[in-house]
């Protein structure tokens, strides 16, 4: 049974609207993704499998409907670096009943900051 | 200047109510805290400084008003273990304008799961 | 160019024998692997891609000849947990000139500890 | 009892000289430190406690005699960034019987790489 089908689990979220719960769960997954994988050795050789692996790992998190991870700037030519937040481009969908929140993580040049935000709530 | 005083930053959150933004930022900080520090070597010797260090690190995150971290079960007698999510007891306050969200991370025995949830929104 | 083909890099290791350098690089990669990936959400659904992704990430590290990662105890039935060190079973080969070090990470029940050790140096 | 006073533990290292074991344990601790703490939110406000907390956490690891951690480039003025490997300046002492290995982690400009190496073995 999925955690989000467990009534004891859901009872903890009765004080939130579906929109509030969607962005709460989305925030958790974004923070988790960033702080779990930043630092990992990355090159053009393992870029694709790392993207896919982050996606599949995060699909375990409660209420994740879908997720796309892109890693920018992985070095070529037998070089590697540590994955940084600035290299991450993520789109995440969280579903609570009939509410769908679409969240983004991407580097914003004007802020010099890898920003997590809510693109839209449907 | 704090990020949350930057208008470019705040423009990304115009589509959220203060309550929604509070739980979104709270979710990010909870996910970040868990996935950054789980795995760290911990014993009764470094329990206190680790608690304080996690608190001070997370106070950098946008909109964090205050945070308390308690680590349970740190071993005595020159033994150490890797910090696990089950050992974390966290209370987090996020402030957006006049809205204050109080969030918790704690291990819930019935779920066998370190749960992040919103205790109340004031 | 690989880092280990760079003379500036290699100059830092002139004070080590090939055996010493092999176990030093092996220790780094074992410590890196453990503390990078412990905490990641894991289930039977993403076990295989996570194993492969850890392998490919660690192959970027200097002098890694080959690596095998097995994750034990990933839960079935839509449940997931945080990856712990106890779940990791790793075999790592480090090559320095004609010296090959074979290293292991596995949970040792008598020690209740996920142990990193050198199996043999050839 | 410390792990390194446990005979079952020590039996796994009978195939290594004291020098080899010292650099092996040193490599583990360096890799662990880097991949555990890279990504953590850091500013001038929490720089000092983070340095101390990393030191105290790593002193739990087997055979660590002493360790000094310096974090460079922590931003002032209410700004923060994610800790990167390039910001770390670490000196680590590992003791095996009468052998003392002194290890370093520091950013090497010519390599554009945060290098871990053995400074000397006494």
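Chains: A, B, C and D, in written order; residue numbering restarts at 1 for each.
Definition applied: a residue touches a chain if its C-beta (ideal position, glycine included) is under 8 Å from a C-beta of that chain, and two chains touch if they have at least 3 such contacts.
Small disclaimer: the values here were computed from a predicted structure and weren't measured.
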item	value
Interface composition of copies chain C and chain D: same or different, split at half	same
Chain of greatest Cα-centre distance to chain D	A
Pair exhibiting more inter-chain C-beta contacts, A-C or B-C	A-C
Rounded Å distance between chain B and chain C, as computed from the means of their C-alpha atoms	30
Centre distance in Å when chain C and chain D are each reduced to the mean of their C-alpha atoms	17
Geometric centre distance via CA averages, chain C-chain A, whole Å	26
Chain A: positions in contact with at least two other chains	3, 32, 34-36, 39-40
List of chain D residues in touch with chain A within their complex	34-35, 38-40, 82, 84-85
Of all residues in chain D, those that touch chain B in their complex	1-3, 32, 36-37, 39-43, 45-46, 49-50, 52-53, 56-61, 77-80
Touch list for chain D against partner chain C, complex	3, 6, 8-9, 12-13, 15-16, 19-21, 23-36, 108, 110-111, 113, 115-118, 120-121
